[in-house]
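Let me give you the structure first, and then I'll get to my questions.
When the chains are written out, they are named A, B and C in that same order, and each has its own residue count from 1.
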């Protein structure tokens, strides 16, 4: 693979960073459907990332299932469990729901860690790369796949945002009882939001598994869930540009500012607090400081012309 | 056949009977007022009719068909629109989107709602019509949370109308708005009735109630204590007692 | 053997109760999940350890840590939660998580990532009950815990502050209208809950003879499970759930040798409870 393309030598490092960033973008956008559009707190998103990764890993290494079938299965598996979470969310309100998602993250990781079927602490290795037209892709090829996945998820997000589905989600986010009163079946839409968001995370998990070629339970713990949430929130929950930019910033920042790596958590934590205090809508959220500057320019702004 | 009918409706919370054996009926084209002192159970009655609560006993019939026990969104889609006592628009959405969200109900089929856009011309036009109906067309792009209370209430009505309901249930629509806005509200309700809408109204504003309603139902402690035309109700001893106390009633 | 396990379970349950109480108190008045509480807990352990290392007095360590963290908690409310209470619920929640991550890493930077020992000399010796032999440290923990729980019960139910807290927890607006100094009640709430958590941190440090920056990690979410299990906002519910969890964890792991990790028990129980009875054991008005 790669012979048809001019032999441009891109340092492996950049390819790696691009793949990681791409996967984070997919994760942040998938979470955005659940927590941004539908307003349902999900602090355990990494669990579904993990379900996707493990599904792909097990199907390809143990049962020799074709890659793309396994990748779809990864999305389906994650979405199936996600729909269960969606059903749980019907019984359980905001705060309770947030805690439940943390619990689910924890339980899922524990299952990976303790059950022999999932390789326990040893994880699963030798995970293959995707293959296309009979040839196995290399990292460059995987990057193309990830880039396509990013475009796909952006397209899905825009589709949702501009559709009745999206409007229904936003309505139930704003006021669930009022949404019911205007005929929106909030239950059905909540479950659908969870299913879609988690399935996409599962798909990202499949790509991640190939990228790493080896996965273990520690890759999918609660801190990762918080990181994904942080990306979406810092960028601007409920928008599409927000999670994209948030993911880019937060996955590249440790590289750009090397010293930040040592203080990474300090920065993450501090950033979350500062953002929530000063700009809860996110850097690029509606009505945020940056967006207001953008809207002031003679470019066409989006949304209500809120010039303070 | 009355459009809406309740028979022996009961709803209790813990030991408290919020709605106790309420039977009433509303004919098509009527404007029925539900009045009573605070805490009489009026909003609970609304909530029980609209499906927010499941009744402990009794029935609710809409156009002859039982609707008690159905979820609120089903009841809404069957043709009952309602507003809330504390104004509840979708604050973060624009006025237009508020109405469109309700209008989109015909696409409620879950995945199917992914196709079709609220930005499509026919949807926008319908929203425009509804907003003009209630006089909100000039603020279509504004964020709903920024509207004044009176406008918010009108928005709620526009939203309820988007479902093309046969019955409109308004919970204290005149609360907290100015005299002039109240007058405009009455005009709006009359216009709607002229076009065949049936209205059930909870209100404390007696002027509105007396001028607008064809019939009244008076609740106290969850029970119906009187029903009839506004003029009769005003003289009814039980009603006076409920509002002003025993001594005044029998004075 | 069983008796020994029972005692262990009660000891750990008591500590859980001390930590979880702070969460319940905060939830009661502000309706937010104070995840950063676990950072207060860990900070308390370190402050206590440092005080003990400097002074050799365990009682002083408890006092200083309680005071320090009490103020710490109040500052968190004043500067972080207070200004953002009118935002959608996810905002204070994320801020709380951010605080937790921040302070946990801060502790790591100040004290180093490794565990330190806390070899405190407790004023109790071995307690031989025949069926069970309780080490002095556990006796100490039990005594402190029970005393503090009794104090809490007294404060919540028999003092004006406690009644004010209950009023605010039930209906803050009405309480304010009736002259209850809500901001002050909330501040004292944080003070008290944070002090309890600090003491719990020291007790745990003594129990396992280990204090480390990440020690708040598991309690951060496990205590949430306890609070939800008992019924959000219910003080007796929290205490009961805490003891139950301590017992179940100890018995299932120690006695039976359970398959899932010990920490997962809390969450399995949580999920089960939320499906069956979302308002928790003692909660009122659930999902």
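FYI, a residue touches a chain if its C-beta (ideal position, glycine included) is under 8 Å from a C-beta of that chain, and two chains touch if they have at least 3 such contacts.
Since the model is a prediction, treat every value here as computed from it, not as a measurement.
Q: Measuring between Cα centroids, which chain is at the maximum distance from chain C?
A: Computed centres place B farthest from chain C.
Q: Point out which chain occupies the most central position, where each centre is the mean of Cα atoms.
A: A
Q: Taking the mean of the C-alpha atoms as each chain's centre, how many Å separate chain A from chain C?
A: 32
Q: Cα centroid separation between chain A and chain B, in whole Å?
A: 41
Q: At what distance in angstrom does the C-alpha mean of chain C lie from that of chain B?
A: Computed from C-alpha means, the inter-chain centre distance equals 47 Å.
Q: For chain C, which residues count as touching chain A in their complex?
A: Result: residues 27, 31-33, 80, 83-84, 87-95, 97-106, 109, 221, 224-225, 228, 232, 259-261, 263-264, 266-268, 270-271, 274-275, 278, 286-287 of chain C touch chain A.
Q: For chain B, which residues are in contact with chain A within the complex?
A: So the residues of chain B touching chain A come out as 50-52, 71-73, 76-77, 81-82, 84, 88-94, 97, 100-102, 104-105, 107-108, 110-111, 113-119, 141-143, 159-160, 162-163.
Q: Which bits of chain A are touching chain B when the two form their complex?
A: Going through chain A, the ones touching chain B are 159-160, 162-165, 167-168, 170-171, 173-175, 177-189, 192, 286, 303-306.
Q: In the complex, go through chain A and note every residue touching chain C.
A: Those residues of chain A that touch chain C are 35, 39, 41, 43, 88, 91-96, 98-100, 102-104, 106-107, 110-111, 113-114, 222, 226, 229-230, 233, 237, 263, 265-266, 268-273, 275-277, 280.
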